[in-house]
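Consider the two complexes below, in which subunit A is the common component and subunit B and subunit C are the respective partners.
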Partner chain A sequence: MTQHDDRALGRPEVELSVPADGVHLSLLRTAAAAMAARLDFTLDDVEDLRMAVDEAGALLLQQSGDDAMLTFSFFLDGPRLVLRCEVPTPAPRPPRPEGFAWMVLTALASSVEVGLTTAAGASGLSLVLTHPREQDERS
Partner chain B sequence: MTDAHRPADPDEGLGDDVKSRTQAAFAELARADDAGRSEARTRLVQLHLPLVEHLAKRFRNRGEPLDDLVQVGTIGLLKAIDRFESDRGVEFSTYATPTVVGEIKRHFRDKGWSIRVPRRLQEMRISLAGATAELNQQLGRSPTITEIAARLDVSEETVLEGLESANAYSTLSLDAPDARSGEGGSMADVLGEDDQALQHVEYRESLKPLLAALEPRDRQILMLRFFGQMTQSQIAQEIGMSQMHVSRLLSRTLARLREGLGDEL
Partner chain C sequence: MDLSLNARSQGEFEVIEVAGEIDVYTAPRLREALVDLVAKGRHQLVIDVERVEFLDSTGLGVLVGGLKRVRSHNGSLDIVCTQDRLLKIFRITGLTKVFGIFDTVDAAVSSH
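Presenting the complex of A and B:
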């Protein structure tokens, strides 16, 4: 697990913020699938990405503060899609590297990085997922 | 034939002709040899197809194609023919009606959509599954959205919309036992490695009962995807179902586990 360097990502291609509530996950899922389609992902990769959005969303929602907004930012990095998901939370806890959610996320994405902001008044948790998995990439 | 000709009571108006021919066919069914039985059975089906069509039409505005309803209704008819005992003194049509209707209702329960999805999208789901399977075969890999869109001659947005709506397809149908569940030999071999793979998961003590509570097939798919590192397409091929079905089952299984694990995520 590494801390992600935000500056490397530049300006997001698309950024979506929704209230931190599970009912909005489908919107994020569809947006992610649409971005993946633009990058000519295979259906397998698209479905993995959609599942990763669900999993990352569920992880973050668990910790979200009151009235928090869940923000998904999509970055294009050559043939890859980088997805940063973040939510403000009063006491951010990184996911356990031995936990089930982490195992699922790392199986779905080629890399998963955790970002922890603990600054007073601006603490939050973010996950940065890169898709597709290298081994699934076509030549 | 229009509905106006159809009596509300299936017994009435079927005509003495149908009744007597039905009786004759059942009599033959009881005494004939195999060839004769098969012929009598066919005749009984033909005699009562109008009844099935009539019953199927009562369900026609519920989003399933009438042809499908007639087909499942006919399965009900076959069951009724096989179970009917003509010496009970009940008209066959009286006996068959609840069986046919029951079969159609079961179809809705098993195959229905959990939320109302426009017809257009329901058809898209079917086209999508077909195109995906064909392209998978042709390309030797999972197709891209662009390729599926080109094959179906629709926009990429339509394909994406179809994918999203596919997840609304009834979760109940996913519970239906699959035809191949009996022959889990090769799967069991794969699953033999469970414990080894799970060793790295800290919460396997809380995970274990949740995994155990899953349908065997759901657990297989989960294991193959996350521990066997197979793609959805590969799993689909291995298990003999569509990739979209694998996707739905996986999403659902993950949601269940998430729910079960609660804070231990």
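Presenting the complex of A and C:
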């Protein structure tokens, strides 16, 4: 379990907050794919990011508190796209490593870090995904 | 994009044609359809996902749940899929060794 140093990432390029409800995952997938396409990701990498965003969101939704907002922040970090997704939850716990969602997520992202915040009144779960930005050779 | 389901009989098999996106929001509808079919005594299932545009781990969980249900009645649940981006998810999770995955409905049916 590691904690990502958000200070090193600076201001996000894009930040999206939606109510923590599965109905909004398709919107987050579409936004992630659009951003990846704008960054000249290959088609395969766009699909991988779309899937990773969905799995991360689904994992967070399992623990979201009442009336919580799901927040996705996209950062450009040199050759990498870093995605931080977080949700407030009263009792954060790490995702089950044997679950399908975690298997897919860790297979598609080059790294996944889990952050648990247990401070009173501000507890939450976050996932930080890192994707390499490989230029599409055809472009 | 929503999820659409169409079930039809082909001999002793029930073929469920799925189109659209299967995710945490839409997967419960697929689960309900599979539970209903099993409750009606249909235990030989073929699920055609050729028109599915997105499938995540929640959808995979529903398919695995369906497989467990039909196997408890000595039935079968096969998948029809040729899309690489969907097959990739089956491979990542090791489910290519769990499901029969075929190119066509006829191939799935004739494998029994």
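Just so it is clear, the second predicted complex is superposed on the first by the 128 of 139 C-alpha atoms of A that agree within 3 Å, B and C clash if a C-alpha of one lies under 4 Å from a C-alpha of the other, contacts with A are read in each partner's own complex, and residues count from 1 in each chain.
Quick note on the criterion: a residue touches a chain if its C-beta (ideal position, glycine included) is under 8 Å from a C-beta of that chain, and two chains touch if they have at least 3 such contacts.
None of these values were measured; they are calculated from a predicted model.
Peer 1: After the overlay on subunit A, what do you see for subunit B versus subunit C, clash or fit?
Peer 2: clash
Peer 1: When the two structures are overlaid on chain A, which partner does A:Glu98 contact: first (subunit B), second (subunit C), both, or neither?
Peer 2: first
Peer 1: Applying the touch criterion given at the start, work out whether A:Val23 contacts subunit B, subunit C, both or neither, answering first, second, both or neither.
Peer 2: In the superposition, A:Val23 contacts subunit C only.
Peer 1: Going by the contact rule set out at the top, does A:Ala107 touch subunit B (first), subunit C (second), both, or neither?
Peer 2: After superposing on A, A:Ala107 lies in contact with both subunit B and subunit C.
Peer 1: Kindly classify A:Pro90 by the partners it touches after superposition: subunit B alone (first), subunit C alone (second), both, or neither?
Peer 2: Touch status of A:Pro90: no partner.
Peer 1: Does the superposition put A:Phe41 against subunit B (first), subunit C (second), both, or neither?
Peer 2: After superposing on A, A:Phe41 lies in contact with subunit B but is clear of subunit C.
Peer 1: Hey, is it subunit B or subunit C that touches more of subunit A?
Peer 2: Partner touching more subunit A residues in the overlay: B.
Peer 1: Once the shared chain is lined up, is A:Ala33 touching subunit B (first), subunit C (second), both, or neither of them?
Peer 2: The answer is first: A:Ala33 touches subunit B but not subunit C.
Peer 1: Give one of first, second, both or neither to describe whether A:Glu55 is in contact with subunit B, with subunit C, with both, or with none.
Peer 2: both
Peer 1: Considering only the touch criterion stated at the top, classify A:Pro79 as touching first (subunit B), second (subunit C), both, or neither.
Peer 2: After superposition on chain A, A:Pro79 lies in contact with neither partner.
Peer 1: Contact-wise, after the overlay, does A:Gly10 reach subunit B, subunit C, both or neither (first, second, both, neither)?
Peer 2: A:Gly10 contacts neither subunit B nor subunit C.
Peer 1: So which bits of subunit A does subunit B touch that subunit C touches too?
Peer 2: Comparing the two interfaces on subunit A, one with subunit B and one with subunit C, the shared residues are 26, 29, 47, 50-51, 54-55, 58, 99-101, 103-104, 107.
Peer 1: Given the complex with subunit A, which residues does subunit C contribute to the contact?
Peer 2: So the residues of subunit C in touch with subunit A come to 1, 21, 23-25, 54, 56-58, 60-61, 85, 89, 92-93.
Peer 1: Along subunit B, where are the residues that touch subunit A in the complex?
Peer 2: 132, 141-146, 148, 156-157, 159-160, 163-164, 200-203, 207, 225-226, 229, 231-233, 243, 247, 250-251, 254-255, 257-258, 261, 263-265
Peer 1: Can you list the subunit A residues touching subunit B in their complex?
Peer 2: Within the complex, subunit A contacts subunit B at residues 26, 29-30, 33-34, 36-37, 40-48, 50-51, 54-55, 58-59, 62, 95-96, 98-101, 103-104, 107, 135-136, 138.
Peer 1: How about subunit A: which of its residues touch subunit C in the complex?
Peer 2: So the residues of subunit A touching subunit C come out as 21-23, 25-26, 29, 47, 50-51, 54-55, 57-58, 61, 99-101, 103-104, 107-108.
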